[in-house]
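Same chain, two partners: subunit A is paired with subunit B first, then with subunit C.
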Partner chain A sequence: MSQLLSLDFWSLVGAVSGIYAVFALGLQLQFGYTGLLNFGHVASMAIGAYTMAILVVKAHVPLWGASLAAIGAGMLFGAALSLPTLRLRADYFAITTIAIGEIVRYFALNEQSLTGGPLGTSNLGGSTQVTEYNTDWLSFQSTVQGWLHDLVGHYAGTDFAMLVIVWVIVLLCLLVLTPMTRSPWGRVLRAIREDEDAAAALGKPVAWFKLQSLAIGAGFGAMAGLLYAFEFQFFSPDDFDPLITFYAWLIVLIAGAARLWAVPIGALIFGLIFSGTRFFNFKPFTYLDAAQLAYLRLMIIGAILIALMAWRPQGLFGKREEMVLE
Partner chain B sequence: MSALLEVRDVVKHYGGIAAVNRATLDVEEGSITGLIGPNGAGKTTLFHIVSGFRKPEQGTVRFGGVEISGRSPDRVARAGLVRTFQHTKALTRMSVLDNMMLAAPEQPGERLSNVFLRPRRARRRERDVEVKAREVLAVVRLERHVDEYAGTLSGGQRKLLEFGRALMAEPRMVMLDEPMAGVNPTLGHELLDRVQELRAARGMTFLLIEHDLEVVMAVSDLIHVMSNGAVIASGPPAAVRASPDVIDAYLGKYGEPAAPAAPEEAS
Partner chain C sequence: MTELLQLVVNGLVTGTIYALGAAGISLVFGPLRIVNFAQGDYLTFGAFAAALVNITWGRDMVLATLFALVATAALAVAIEFVLWRPMRRRGAKTMSLFITSIGLAFILRSSILFVAGNGERSYRVDVFQSYSIGGIRISEPQLISITVALTAIAATALLLARTSFGRAIRALADSVELASVAGVDVDRMVISIWILVGMLAGLCGVLAGLVQSSFDANLGFNLLLPLFAAVIVGGVGSPYGALLGGLALGQVQELSTWSGFFGGVNPIWKPLIAFSVLVAVLLWRPQGLLGRARTL
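Right after this comes the complex of A and B.
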């Protein structure tokens, strides 16, 4: 039970929630505003994390440059993702994106000389040489920790520093996305979500706007991938399985489609559910071992999703009336 | 002088059936032109082709002297040729006002760079567009619904919204696919009055598909009649009304059972 009172533990939960918030914001733009069913969102996260790590370890690019390149690579990937939308709509596009997400993961799994393969980033520099991509990040993090120490004293652990960094980034993302979605640009996205033929008939270049939405959304995904890499200091292709995409969907559905500021709240709720099961250390849960508890967690998430669809399909912050319009 | 819209020998098959079969017609600048014909004659398919939603297998479409066949719908619209749909496409989860404002062309705020770098230019344009949108909404009698979701409007109101939205796009020519279907007759006639005013005031050109023959005859300068995918007669209303080909097309040859003027299904 001591974990319940541990600031480090809750900092970790909060930071991971924040990372998922950034990740889900990308999906919110793609799905909530533009109506694109992207079921391969995790690929942008993988591309972000891998691009950064490979550039740092293999090409000795400075971390900030590698991070920018990673976001750029994510956006390029998103732009490429818009190619199938030219011909495929709705569910067909969704199926394609699942496949694309898996292609990216399998590529990372098998292209061992580039990605380190199943051993993940520990194998990036080959098996003989231990290399890390996050040395510069750790020094940045401890700088931030130093600032925080001056503010809040001994509460400022490394996890707490990460928590603050992540949520500052979440806030910045929201401050960038808010004017975008409220602008005439965002209005075109919503029009495409409602009826892309109507948008085209009014002179809006639908394909170009879908490309922008997918590219920017994937940029946020790549940013989440960077934060994920920094938070856990190691990753492998297993970290980017399709389930991660559905966590983002869960967050968007909890929040409500096209509700930007609800996304971090959805992410926090998700984070609590996700980490909450570890407190099931009383009967009857004590009969389960750790692995079974992990599956219980997924079952709870699934049950919440079903309950949400049945009783509150608009999400916590969505508008009911928007669900019944045709 | 050549016509504003020139359709030449356009062909389009669906499955094995020729929906449009060597259709040829002209629409003169500043005219109100009617397009009539029995159900399944290919009128809506021709609209899809002219507006860029379908590609013709053969033939050409020229607008303002420029070849537009094969262009994407948004480029056709930006060239000044805007259409409405037989089955209305209200953007249901957007407000009526947003539906209207979306249609306005040349909004700098639709460029992402301007959202951040020139927000005031975008806002200024938004203000002008909103004033205009409210004016047009008053014309189509939707001013009381400005802030409602477009999805709450009735079928007839959606027709009116689409008409208003097309006008917001500042078109040179508007193609209306059954603008009066489901609209109450009084409002429908007001809509046609407005069409005539716009033609008189701005020289705007209209091409309309309409099943109410009395209405379309009364309002059009020229009428094209389609049957089985081809334009079988063209001329002033009185001449078309008297044409034996047209009577055959509508009533069937040799006294076949007549089936005119039922609402047309989607093609």
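Right after this comes the complex of A and C.
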């Protein structure tokens, strides 16, 4: 029970929720505003994380430069994704994006010389060399921890520092996205979501807007990948399972289409579900082992997806007029 | 030449399994408009139902397969009653049904894992017994799989083409309203479709488990994307197309490794072939190879 009171534990839960909030914001732009059913969003996360780690370890690029390049690579990927897929109908688009996500993961798994293969980033520089991509990050994190220490004293652990950094980034993302989505640009995206032909008839270059939405959304995905890499200090292709995409979907569907500020709330709900099963330490759950609790968690996530579709297809915080899934 | 023929045989093993699975997806999509993401987990369910009879209870494989067919059909019908029918009554459309099926996939897979664990299992069959015909090797499980699957494919195709049941399915796939007006009992037909789909899925899962030396609870999910690829290659909503798409995809996947084909694709990339075929077909002929343009 002591875990319930542990600040480090809740900092970790909060930081992971924040990372998923950034990830889901990308999907919110693509799906909630533009109506694109991207089921391969996890690929942008993988591309962000791998681009950064490879540049730092193999090309000795400074961390900040590598991170910017990673976000750029994510956006390029999003743009490239749009070229072959945008004329597809929604369900075909969804299936194709899952397939593309799996192509990216397979590539990371099998191009060992570039990505380290199934062993992940520990194998990035070959087996003879210890590889760490996050040395600069750790020193930045301890600087932040120092500042926080002056503010809140001994509560400021490393996990707490990460929590603060992640949520500052979430806030910045929201502050960037809010004016963007309220601008004429954002209104065109919503027009495309509602009726693509009508938007085209008004002279809007639909494909170009969809490309931008996919690229920017993937940029957020890549940023989430960076944060994920910094939080866990190691990753492998297994971390980019197609399941991760559906975590983001759960968050966006809880939040409701085109509800930016509800995304962090959705992410916190997801974080609670994800870590909450840890506290099932009363009967009958005491008969279950750790693996079974993980399966139970997946069951709960599946049940919530179905329940949302059955009773609140507009999301917990969404408005029916905004959008109901067709 | 021997190498090429060997690859064709290997492709037939994979392709017949794809064809069975893809036909199931297509039969559900046509009349019900469900892009069933949980279909892979129906296959896993079938494979594990057979494992229960064959491994845990120690009975022979024929009995295990029949049990898997019945159990998976029962599962499919049960899910129709508790999930799909109420969702349709609520007026759920294609995209929310798609997401519902994703939730269902998670529930099914985690339930299977919950009950059966994540260990690898192998049916009690002799995987080392193999035959050699003119230098082409085929193991006994592979031979059995091809024979059973081809029979099932032929039976399914005949059922669709020649019986009133098949005609009713095709009518429903065209328009549920028109079929209903013409006197088709839609609710009863839907149950019959799920029985057929469940049996196809159960058989597909068992055969997929049989030809692999071992399998786990991801068996069906790993097959899901190639199955979708086969459905799309054949043209969505056309069960014949799905059967042919599955067979074709199996061939393409194996033949791509032929050394006469620019040295051959490294076999580790084989799973990617299905995805690439999927993307390529969508770009070149979005309605599928046999599909009609108006269905898009």
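The working rule: the second predicted complex is superposed on the first by the 318 of 326 C-alpha atoms of A that agree within 3 Å, B and C clash if a C-alpha of one lies under 4 Å from a C-alpha of the other, contacts with A are read in each partner's own complex, and residues count from 1 in each chain.
In this text, contacts are C-beta pairs under 8 Å (C-beta built on N, C-alpha and C of every residue); 3 or more make two chains touch, one makes a residue touch a chain.
These numbers come from a predicted model, not from an experiment.
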Item checked: Simultaneous placement of subunit C and subunit B on subunit A, clash or fit -> fit
Check: Does the superposition put A:110 against subunit B (first), subunit C (second), both, or neither?
Finding: second
Notebook entry, point to check: Does subunit A have more residues touched by subunit B or by subunit C?
Noted result: C
Note to self: I'd like to know which partner A:292 touches here: subunit B for first, subunit C for second, both or neither.
What the structure shows: second
Notebook entry, point to check: Looking at the overlay, does A:57 come into contact with subunit B only (first), subunit C only (second), both, or neither?
Noted result: neither
Margin query: In the overlaid three-chain picture, which partner chain does A:179 touch, first (subunit B) or second (subunit C), both, or neither?
Written below: first
Next item on the list: Considering only touches as defined above, state whether A:71 meets subunit B (first), subunit C (second), both or neither.
Entry: neither
Note to self: Between subunit B and subunit C, whom does A:200 touch in the aligned arrangement: first, second, both, or neither?
What the structure shows: first
Check: Is A:301 touching the first partner subunit B, the second partner subunit C, both, or neither of them?
Finding: second
Next item on the list: Note down the smallest distance between any C-alpha of subunit B and any C-alpha of subunit C in the overlay, whole angstrom.
Entry: 9
Checklist line | Set of subunit A residues, in rising order, touched by both subunit B and subunit C | finding: 325-326
Notebook entry, point to check: Can you list the residues on subunit C that touch subunit A in the complex?
Noted result: 35, 83, 86-87, 90, 92-100, 102-107, 109-111, 113-114, 117-118, 225, 228-229, 232, 268-269, 271-272, 275-276, 278-279, 282-283, 286, 296
Check: Contact residues on subunit A for subunit C in the complex?
Finding: 37, 84-85, 87-92, 94-96, 98-100, 102-103, 106, 110, 246, 249, 253, 291-292, 295-299, 301-306, 309-310, 313, 325-326
Next item on the list: Would you tell me which residues of subunit B are touching subunit A in their complex?
Entry: 51-53, 72-75, 77-78, 82-85, 89-94, 98, 101-103, 105, 107, 109-112, 115-116, 119, 122, 125-126, 149, 151-152, 165-166, 169
Notebook entry, point to check: Can you name the residues of subunit A that touch subunit B in the complex?
Noted result: 179-180, 183-185, 187-188, 190-191, 193-195, 197-206, 212, 321-322, 325-326
